Amino acid sequence: MEFLRGTWGDGHYNEGIGRDDIFDKLREECGVFGVFGHPDAASLSYYGLHALQHRGEESAGICTVEDNGEFHYHRGMGLVKEVFTKDQLDNLVGSRAIGHVRYSTSGGSGLANAQPLIFKYRGGDLAVATNGNIVNAPAIRRELEAQGSIFQTTSDTEVIAHLIARSPKDFVEAAKDALQRIIGGFAFLIMTNDKLLVASDPNGLRPLVMGRLGEGYVFSSETCSFESIGAEYVRDVKPGELLILDDKGIREDRFEPMEKRASCVMEYIYFARPDSDINEVNIHSARKRMGRQLALESFVDADIVTGVPDSSISAAIGYAEQTGIPYELGLIKNKYTGRTFIQPSQELREKGVKMKLSAVRKVVEGKRVVMIDDSIVRGTTSLRIVNMLREAGATEVHVRISSPPFANPCYYGIDTPDRKELIASEKTTEEIRKAINADSLYFLSEEGLMKSVDPSGEKANAGLCMACFTNDYPTPVDEDSTKSCSC
Amino acid sequence: MEFLRGTWGDGHYNEGIGRDDIFDKLREECGVFGVFGHPDAASLSYYGLHALQHRGEESAGICTVEDNGEFHYHRGMGLVKEVFTKDQLDNLVGSRAIGHVRYSTSGGSGLANAQPLIFKYRGGDLAVATNGNIVNAPAIRRELEAQGSIFQTTSDTEVIAHLIARSPKDFVEAAKDALQRIIGGFAFLIMTNDKLLVASDPNGLRPLVMGRLGEGYVFSSETCSFESIGAEYVRDVKPGELLILDDKGIREDRFEPMEKRASCVMEYIYFARPDSDINEVNIHSARKRMGRQLALESFVDADIVTGVPDSSISAAIGYAEQTGIPYELGLIKNKYTGRTFIQPSQELREKGVKMKLSAVRKVVEGKRVVMIDDSIVRGTTSLRIVNMLREAGATEVHVRISSPPFANPCYYGIDTPDRKELIASEKTTEEIRKAINADSLYFLSEEGLMKSVDPSGEKANAGLCMACFTNDYPTPVDEDSTKSCSC
Amino acid sequence: MEFLRGTWGDGHYNEGIGRDDIFDKLREECGVFGVFGHPDAASLSYYGLHALQHRGEESAGICTVEDNGEFHYHRGMGLVKEVFTKDQLDNLVGSRAIGHVRYSTSGGSGLANAQPLIFKYRGGDLAVATNGNIVNAPAIRRELEAQGSIFQTTSDTEVIAHLIARSPKDFVEAAKDALQRIIGGFAFLIMTNDKLLVASDPNGLRPLVMGRLGEGYVFSSETCSFESIGAEYVRDVKPGELLILDDKGIREDRFEPMEKRASCVMEYIYFARPDSDINEVNIHSARKRMGRQLALESFVDADIVTGVPDSSISAAIGYAEQTGIPYELGLIKNKYTGRTFIQPSQELREKGVKMKLSAVRKVVEGKRVVMIDDSIVRGTTSLRIVNMLREAGATEVHVRISSPPFANPCYYGIDTPDRKELIASEKTTEEIRKAINADSLYFLSEEGLMKSVDPSGEKANAGLCMACFTNDYPTPVDEDSTKSCSC
Amino acid sequence: MEFLRGTWGDGHYNEGIGRDDIFDKLREECGVFGVFGHPDAASLSYYGLHALQHRGEESAGICTVEDNGEFHYHRGMGLVKEVFTKDQLDNLVGSRAIGHVRYSTSGGSGLANAQPLIFKYRGGDLAVATNGNIVNAPAIRRELEAQGSIFQTTSDTEVIAHLIARSPKDFVEAAKDALQRIIGGFAFLIMTNDKLLVASDPNGLRPLVMGRLGEGYVFSSETCSFESIGAEYVRDVKPGELLILDDKGIREDRFEPMEKRASCVMEYIYFARPDSDINEVNIHSARKRMGRQLALESFVDADIVTGVPDSSISAAIGYAEQTGIPYELGLIKNKYTGRTFIQPSQELREKGVKMKLSAVRKVVEGKRVVMIDDSIVRGTTSLRIVNMLREAGATEVHVRISSPPFANPCYYGIDTPDRKELIASEKTTEEIRKAINADSLYFLSEEGLMKSVDPSGEKANAGLCMACFTNDYPTPVDEDSTKSCSC
């Protein structure tokens, strides 16, 4: 019997020290990265995942396969740079690798769910890394358990492995069957002792791109990984596509004949790194267009424009350029905060201790401020920031949001609160304005957003999932569906 | 869906720092500990496992269940005291617990195999802690994989969970079926959301004892745990017995009607702690009797008797008492060595750097020495120690072994080398004597050993597994059987 | 005898993992923070130092004094958030505290030099935290050693403690004498069992500000600390001033009668946080004015303006606003890099792996780019960034530097290379342009810089140290003088 | 200026986890180890200190000197094996080294006091490692502070460095003057950029031995170090002797003309490792003779003899051999306890949880037990152990102590409680017997002890310090004298 050689890193969690979570932003989802046919597979994965770090700060993992089929893996809690030592990276030999960064769940189950998940089944070894959510995972899981399957994680990703293991067909056919059974938004990297499978859901909800580096292929959730490792972008993986890589090369197949593109618009608005391109649209440029469009839709006379760092800076600069109102650093974020920071006590917070974001008094004092943010979720953060600006002396605070009202939960991998906690599903814009203590408030229109993402109307725009704004979901969803990310 | 809350500790492995392994001793197996119905279940497990630490130094873990059925667990690499912080222990709430210490495999797969293993299946959660080996695990595993089962560990313990999960029967009946299917030597603690199952193999090969503490029940591989937590010994779990504990109390059942006791004699000779009792026979006393018996069988005129620390001290004192030759501290072991010690380079070793055991020059110089050891495996260690004594000035070294020649591998949980590496399977006593450079060598007779373990002939003696000496195995074993410990 | 209770944290250094140092930026100096008379002294220091983290990432420390005069301290290697656990912070009781963050020296001597330094002398205990450099420390040190003094650190800060300890005068007078003896640029916080002394060098070279929080006083290298803890800015500590705080309150004194202000201009250009104010001038605003002034002095027709993150963003926005050329995200920095990152091998770097900064292809491709940076030290970084932009498709790269040519080393706390390694001391602007492969290059004029720092000509401008540009040092410096930061 | 390159290790202290300290044993002192002229100086120190680990478990440190005079050091909290990683050891280059292990003070000040202490003075660098106590350190320290000296540690060892630094004489003469000024019991290793000094106090109170390894010299607190590194014992360092090693070889000198040997008798009774020799007397053999002598002085009819592990085993075996009563394992100590162990709560202790020592029920049940211990300090431990034996079923417990009543505090490096806490200074033997709940109690006579240490009356016996029994101190001691170890 041949067994895996793997190690598990540690978490270095200090009690009483939580993640920096006073802001009710939408949670980052996960990121995946894969290499096929490059001698530095593990190192490239390390740098590739590092570039995807913004997509998940809780855990990281890399699994490699040697030419003889032997698996090596290491997973741990924390940032990529915290999880891997040089020695651990050096142990991950082989020219094929898949890696994963995982977002931070509120009450998650830690290391046991860190990906890539590793399984042993009749066909050998299986490693799986996912970004996204399987809407019908609970139903499939119940069915598998009824047949005697054992689960080791709380991750829905595990169902794909069970579906493959239980199929009497050959591996690729079994994988296609399994991918057809699941519903949702997902990017999958599945590695066996001799193959790498790459798949995107039938709507292409989650981003997944293909590149080349030397003789090898690389795959990533975002193109920023390619820039960081010097790889060349080839194309986005298509909705419903299944790429099969093995010794014979790469084979393009499909598990779902129909392509119904519905790319997640929140990637453009908030999640993706500004230097990434999705469907060949640069994110920073799209955000700047959102800011310009916002200015066209809702100009307000003010002294300065400021953005909530980091994600709203591009839109704020766009707003400033369009209006001619100067862009200023009215808000600043401490770049050193992170998971291990000691949170100030309630008492100290009330006394004014801020650990993450502060207003810059000299910049906003006596000024009418346009504050650009990308979205309002519960409204509590917006209220806090508006008040921060007022305490620092802003005479007026006009809030401009570079997306429409976020009123519907996501079922495709974004960790959103329940519908009734979404302020936009409960309140009108005027009610929200009052709740966040702003002098005025405007949300970008749906048309404005679509135009900003893709001015030509030819690329991305052709198919965007805007269900969080429109309540129009591209797949069936029901009561039983898991809302949060299953990776 | 209800999920587990668990954490994984870390390994603290330093590269270049290995376990202290120059001596070719038999490897310690594992140890299990369980609590049912005591408010301090986790703490008691911590202290109980700590008392079993000699049975496994590689990893440790505890899983507890709250009254509401919720599982909590923590596992990690290292000693019990290294794996658990106070906070982690405090998080393990609940009045039921099972725990495990695992031995150190040469090329093992680390944390992933640390027990208790935790599974999710249709019936809820399952935690399993084992000591021993399932002889037919490879066959069962192949069968399960063919049916589509996925394995997450390389531990054969996982098969018991799959057998239970796949059975359509109720949990207790499914467990009985599973226990009947497996062949080998094992002590099992199986915990569900509402039950604790305790089982010993049909031969009672591995030790397992039951005690009481207040209102609760405790279970352990050895009675030394009970002394350390102030619990009262009740009885040994019987071969083939299945104890079922739940809200209704304890129920004594059997999964195997016939009892064919064959307790592992190596527990008496080497593995168990000297203050433990197995089948109501105290280990130290048994070892001292082995030493006395050895003196009766093979007296030699000498100046001092010395034992190889730690396991042979009792026998050496017995030998000294019987012969009147004074017992002296001719060999000393550094008590601070352990897993994280930096091993001396080959060059330094050749220059005489010793990290663990040294001879005491002032004690052995110019003396005829009787050196008592418990067993000879490959013979390399014995040669080294004999030479150490000679270099320190011993004029004669007479080796007396408190067990018969170890000539056959174990299939029941002791990590033994292949048969052809066992010096006693290849060489005569005289050839071994030459190989270890001793002036004389004698092995305790099989009859002498049996008499020493149980002079009355009534208790333990009634059924001992002495297959490693006699090649007479209490269960079927074949080519396919795994030899080493599967826990 | 009363003794200190102190602890030392650890470094968590992984071999083979260095600080992110491919860029030849000037090194950050140190930061100091102090609290007098506030029950949360240690916590406030933690958050205050965290806001100063950009001034020193190598080590951090806090020392507190209880009302009974007992000292408590903790120092360690790493970021503030890495050095302190909640328990360690809780142990630092007392209403008075001084803290320190230390910059990263290339071959520094680590924890032994971490501040605050703690001493025991005839007067009791002494804790010292410094930012800056004592030009004549080597001479004083030689003199003290000749008299039999023992040093425990390589930090020149230790001389101040020896000078005080050897003086027969009372503590405050001894401190004044000591401060008069030393020459250089420094901000000192000195704490005894009953007093806190705060001092700035006679030229006020290093920034040091005073604030109030409740009944207490706070001191910091930068005002951004005050915002982060909710304290109110009172004023900058004056050149040559000595503030004495004890049970009787605060006393304003001077150790140097003459005030010859010469504030370090590099704080405005590069070191200080953009949200801080020095001499009541906001840093972001000053930098934006530098960008605007740069545009006035050296307009170039281009498609986009981009800044080298993070320090040059403000200037780049100023340049864009003044010229009307859009500001774009042409360069992006990975915010997750840091001390523990595994550096790519030379081979991987040559293959294009970038760990920190990348150009955004979609943004710069086919564009004429104006690249704003704050300074050029050796020129190697500038060359690398220009090439990065070209490789990403920029058709022209025009470099604009928001400061004059940096041609002279600093003796007042900034870690600069030797003069001959400074490209501006060896080459003309045209030669530098060629060396960095730019299409054009312009440095901000000295007058333009002064005007940008303080347009009114009334505040900061009255006295700036611009020796690194002008070679006109405000104190005597000679061959023997230490160049680098002595804190 | 040339500076030291040193690192400081970390402590890895977990809150709420203390050292195993329920037993009121005398505290171990410190241990020193030195190498001069061997290429593996650091590694030899590591293994040499490891063999001295029993003399100090709190901190460890090694300082090496390269041929060019450069110092390298690493110190940290914890066991030798915990403090040093392979990389850290590899960094300690040079053929000369001194090392130290430090005992565990109750409220000590941790890493700052870890030795070797390192100083910089006019002559260069100085490293000092001590075992023992300087009785007049407080007075010297006050005098030095009055002259302006600064202290960085609370360790009295620092005074020797100041005395040397302040002397105008050359280094060796200055060291001799300093050694003459100090009073107490001490073994000193002092290393400079080009010399190693080795000194023992005028009474030779603390053990210090010299050996050879290849071309080099080695020094250690105990001979067990030599066995562990393969070195050859040469001789004990003489009282008042000063050895000077440099490029020219070794020079034997004296700082005190008169030799008044008074070797600490507690080293023979309790502190030293049984395989060590002091003054050529083997410790195990001496202890066994103490047990035999005890039997001669106070035979009692009983069923078994047992010793309190680990230090009283040798004496117990001697007692058993002399009386013919069998030696049995009546008490067992868990070998895995240590610094990081989670102590049981008071409640759990009361319920019977024992973390360290337990009685072996099967061995003592129904038996009359002779319990041998080496000393009684406060009496609380003895009471606990006697009760443990009774609870395990012993019908009688006769306590025999292998030393006279311990009634006087030590001023020479052993951490003893105040006189009034020493039970033997307050109570008669009969009162102590009652207090510890024994059936009978006997202390070894002073004459019996002396005879046991050295039956020939020629070696060690010639001069033993037995002040803790006799109140007859070999040096002046007064009110101001520090009692505890100053290393």
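Points worth noting:
Order as written gives the chain letters A, B, C and D; numbering starts at 1 within each chain.
The rule is simple: a contact is a pair of C-beta atoms (placed from the backbone, for glycine too) under 8 Å apart; a residue touches a chain by one contact, two chains touch by 3 or more.
As the structure is a prediction and not an experimental result, all values here were calculated from the model.
Between chain B and chain C, the least number of touching-chain steps is 2. Seen from the C-alpha centroid of chain B, the farthest chain centroid is that of C. Chain B and chain D have CA centres that are 35 Å apart.
Chain B has its Cα centroid 48 Å from the Cα centroid of chain A.
Averaged C-alpha coordinates give centres for chain A and chain D that are 59 Å from one another.
In chain C, the residues that reach two or more other chains under the touch definition are 15, 87.
The complete set of chain-chain contacts reads A-B, A-C, B-D, C-D. The part of chain D that touches chain B in the complex is made up of residues 14-17, 40, 43-44, 46-47, 50-51, 53-54, 79-82, 84-87, 89, 213-214, 224, 227-231, 273-275, 277, 282, 284-285, 288, 310, 314, 317, 321, 326-329, 332, 334-338, 340-342, 344-345, 348, 351-355, 358-363, 392.
The residues of chain A lying in touch with chain B in their complex are 1, 3-12, 15, 87, 107, 109-112, 118-122, 126, 138, 141-142, 145-152, 154, 161-162, 165-167.
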